[in-house]
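Order of writing sets the labels: A, B, C, D and E. Residues in every chain begin at 1.
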Amino acid sequence: MKAVREVLSGTKSLLVGMRLTLREFFKPTITVQYPHQTLPMPERFRGHIELRRDPETGKALCTACKLCERACPSDCILVDGVKLEGEKKKSVTDYHLNFTQCSLCGACIEACPSDAIQFTKRYNLASQTNDYRNMDLVQRFKDQPEKK
Amino acid sequence: MNAFPASDWLLLGIFLAFVAATVAGALIAVNTVRIIRSVCGLAICCVGLAGLFYFLSSPFLALMEILIYVGAVCVTIIFAVMLAEPDEPTPERLVKPYPILGFLAAAAIAAGVFYGVAHLSLDTGWLNPAASRVNDGSVHAIGVALLTTYSLPFELISLVLLVAILGALAIAHDGRRKG
Amino acid sequence: MLLYDHPQVYLVLAAFLLAVGIYGLLRRRTLIGMLISGELIFAAASLNIMTIQRFISPDPVAGQIFVLFIMGLAAAEVAIALSIIIAIYRNYRSIQAKELSELKG
Amino acid sequence: MIAPKESTAGTPSNETFTLNLGPQHPATHGVLRVKLTMDGEYITRAEPVPGYIHRMHEKMGENRTWAQYLPNTSRVDYLSAMTYTHAYVGAVERALKLEVPLRAEFIRVITSELNRISSHLVGWGAFVMDLGGFTPILYAFDDREKILDLLEAVTGSRLTYCYYRFGGVVADVDTAFLEGCKAFVKHMRPRLDFYRALVTDNIILRKRLEGIGMVSAEMCRRYGACGPVLRGSDVAYDVRKNEPYSIYNQFDFDIPHYPQGDSMARYNVRMDEIEQSLRIIDQAVAKIPEGPIMGKVPRVLKLPVGDFCYATEAARGRLLVRVSSDGKDTPYRVRLRTPCFCNLSLFEEASKGMLLPDAIAFMGSLDLVIPDIDR
Amino acid sequence: MSFFEPYLPAVRLLIFLVGTVAFVGLNAAYLVWVERKGAGRFQRRPGPMEVGPQGLLQPLADGLKLMSKQLIVPPGADATLFRLAPAMVIAPALMCLATIPYSESLLAPRNLNIGLIMVFAFGSINVMAIMLGGWASRNKYAIISAARVVSQNVAYEIPMLLVVITILMVTGTMNLNDIVKQQGPYFWDWNLFRVWENPLMPVTFVIFFICMLAETNRAPFDMAEAESELVAGAFTEYAGMGFGVFFMGEYANILVGCSLATVLFLGGWQSPIGLFPGVWWFFLKLYALVFTVVWIRWTFPRTQFYGLLNLSWKILIPISLVTLLLTAVVMKLPLLF
């Protein structure tokens, strides 16, 4: 008798399961067809870092103080700068990021005293070449058009 | 058979293929070193035999041959091979005391048997088929005959099978949890 | 009359299967190999019976039933034989016929 | 030339054979190798061989500053990264006697519990996948996505959050997050019923889990097993209740525990824990105060000399971080006492005599994360 | 009488054989697509979408990929048997499908009186093929899988044959087309609903369906390729088209099983509502069953091995014996009065 009851309740549980999946079958899909559709990145998305621009002068805010270099747990930042004539602070001439080692922890941004670096929203960074071994952020900064 | 001009030759070809399968299967079954291949040989031989049964106007037996021999007997044998002989025989094992002599002796005996029986069957003047047949030999007729004329052997066979199953269980069950 | 309508063809084939089966029984060293050879001899017998019932017997059912019985017996035989082989393997760790000579003592 | 009898009368190696489960195997979910000695399909000995993904997380702590070690903590058990960071941050805060603002504590609790749910969802889905049911893991991922979206909006990352800092959290949550949490709790409760009907009540699953993989409380004690494994053996031990940290004593929740000690009990513990986490989130979202999110933290961190421990309840059990300081700005030693390592170590004893599929189910019920074992 | 007329039967035979092969090939390829699409829908994702509209060319791309891969024979494997095994899976399935009556006229050139036995005879070769493939791979997982396949198939052959005997008692013929013809033009005439001959007929159908799932090694009984336990079981060492043929053979066997269920229980090409009997009804029923198979696969976890055997020996075989006896009693009941 117990066996019969077990068979019946077992069958019922199977049928319930099948009903549930069938109901899911007719619901619309919820996935995003990635290369064709993309989602907006949230505000705090952590991409690789980039140099920020001073909205007034249009120059990089970075003063090459090298705090980010020291804060980085993975030693992937290399900064160099010179002191230009007639300016109070140094300005950055060389900012290399070894992105293959970067873990996007954000320690550099937190360490920066002048808020000169920020996260980008780039994420499609897989590549078959060694492109990101040595990202020249200064060059990238120069290539980018100034935002009006 | 539906007759179309080349159908006889087609049938002959199929027949020869079945004969070849039977012969080749039998030879593989006794001559290979690896036991698993000789089971395959048996399976091929049985498929060929099934085809011959078809030519002997018994499709039912042809299918039963496949069902029982290929589907049951061969599978059981392979299963036993898996259980009982997990490894290929080492070369050392294959060395026999008198390799050539043993082969010659066995071959001679087998050839003698073959010659005798084949000679007998070729020399006998075979009668023509009986003019009228008792029934049509269909599955229906087999079923009726099994339960009327041959009911006693049928019951005996079932008994033998039952005893075989029980015996197999009893023998194989012993020592199940020994290892 | 084509080849497949002659009883002799089937009978010679049956004789061949029988001979091969005997050869295998003599040559094989393992129990399973012997079992397979035995199956070949069964096959020879089935083929003979079927030939006779096809070409000579007035009752086409009898032969088929005999062959069915042979198949049943073969299945039973295989079941028993294999269980014995497995039991032997458990005791002797081998299915070589030679190893079993210990049974004598 | 007759071969000697012993050569064919098999050796013991004929009886059993060795089966390497892994390092690449669908059921180990990572690079764990278990060396199985099998007798047919029965396991006579199962020897876990960890170390294939050893990344020296403890050693790395010794050559970077206190703050630089923070990203490492999310990478040990990548499925419940929050609780790991919490333990490390907690240890350092205990050493420095830092005050954490109340709002930051609430945020920590909410994000930790969300993280626990997402971890249990993955664990549940992977467990059912080990048992051959592929669909549930995708339903679980659907729900997990909602959590990840919430957390990503706050922390900027979906897996290795690195969100807590000494003395608080790095960024404040907004009302959208809190509303999202409320909506998620509302969404998740019927989903749990759905999971129960689809998977938990399924007769096939019950037959596979009930009475399989028995682990007694005594065995747990011997091996130091913790978390759902321990609670599945009828020990209601939960760090959040028994040695309360953060502000967990302000919330009303139960410790689910089951007396059977089998795989089903561990499964049920996890499912019930999701419900309890939802309860905690519900209360925390309702009670969260306004205020700062960072306490006063010295610019350069130097811990006083000594050993400092902090235990949290990670999704897989009790996680203890012990930091030793010799007064410099880098740790002298960071020690992680991770739950999966202890949970795995009882596998060898408990899986003796099991069938292979049962062992796989048992391993799934331990819910192992391999980097957590190897560190 | 034209020149070609005597050849017509041969041409018809040829067309039928080519048609069967094409049917199997197309189905095996597109059942993979159906499975992937179905799995996708059950999991609320669209499934293959990239190759062709709705991913319709995906099987083609898969086939191309598999064909371009090398068939690796692992060292130590029995190369002959290793290569032979995939062929042994697909060939019997073709033979089985050749016996199925797709419609009243679209059936095997020789109307086989024992079509049912033929299906079972050739269906039984499948076990041996998977077993040989597993054994020949010389892989521990594959050998475990091969051993499982045998005990599973032996266990489920018994209730399946008992159920088929029940059907045979009800219909009294082994000719598949006659079995279909006996089932009338309305759905209550199907064998499935012939409760006056055997009150447990729907249960019989369920048993048959479960056995069919087990015989074709489908989830939740996919012991042979339990991927979380045995990696890919007997197919672990197969690469490229060797694996592809095994895969096709599996789907061809599902097709055989579902066709047989359609013929034996669901009235084959008979219309359920008395209108337009024909091949389309057959396919409708067939693919409904195939869909159910996919549906079951993506709903349940895998059974445990002893659970599987217990289900067969402790539940299915007793119940099928009961239905067998019940059918006999009901059929002979009129003799009592």
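Operating definition for what follows: a residue touches a chain if its C-beta (ideal position, glycine included) is under 8 Å from a C-beta of that chain, and two chains touch if they have at least 3 such contacts.
Keep in mind the model is a prediction, meaning the values are calculated, not measured.
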Most heavily contacting chain pair (counted by C-beta pairs in contact): B-C
Chain whose mean Cα position lies farthest from chain C: A
Per-chain Cα centre nearest the global Cα centre, belonging to chain: E
Most distant chain from chain B, judged by the mean position of its C-alpha atoms: A
Where chain B and chain D are represented by their mean Cα positions, the distance between them in whole Å: 60
Euclidean distance of C-alpha centroids - chain A vs chain D, Å: 25
Distance from chain E to chain D - Cα centre to Cα centre, in angstrom: 43
Inter-chain centre distance, chain C versus chain E - centres from mean C-alpha coordinates, in Å: 32
Sites on chain E at which at least two other chains make contact: 42-45, 298-300
Of all residues in chain D, the ones touching two or more other chains: 8, 14, 17, 135, 139, 142, 198-199, 202, 204
Where chain B touches two or more other chains, by residue: 60, 64, 72, 79, 83, 93, 179
Residues of chain A that touch chain D when the two form their complex: 6, 9-11, 13-14, 16-17, 20-21, 24, 30, 42-46, 71-73, 103-107, 110, 119
Residue ranges of chain A in contact with chain E within the complex: 3, 7, 14, 17-18, 20-22, 24-25, 27-31, 33
Touch list for chain B against partner chain C, complex: 8, 11-12, 15-16, 19, 22-23, 26-27, 29-30, 35, 38-39, 41-42, 45-46, 49, 52-53, 55-58, 60-61, 64-65, 68-69, 72-73, 76-77, 79-81, 83-85, 89, 93, 96, 102-103, 105-107, 109-111, 113-114, 117-118, 121-122, 126-127, 129-130, 132-137, 141-142, 145-146, 150, 153, 157, 160-161, 163-165, 167-169, 171-172, 174-175, 178-179
Residues on chain E engaged by chain D in the complex (per definition of touch): 39, 42-45, 140-141, 144, 219-220, 222, 226-231, 298-307
Chain E contact footprint on chain D (complex, rising order): 17, 19, 25-27, 41, 128-135, 138-139, 142, 198-199, 202, 204-205, 207-208, 355-358, 360-361
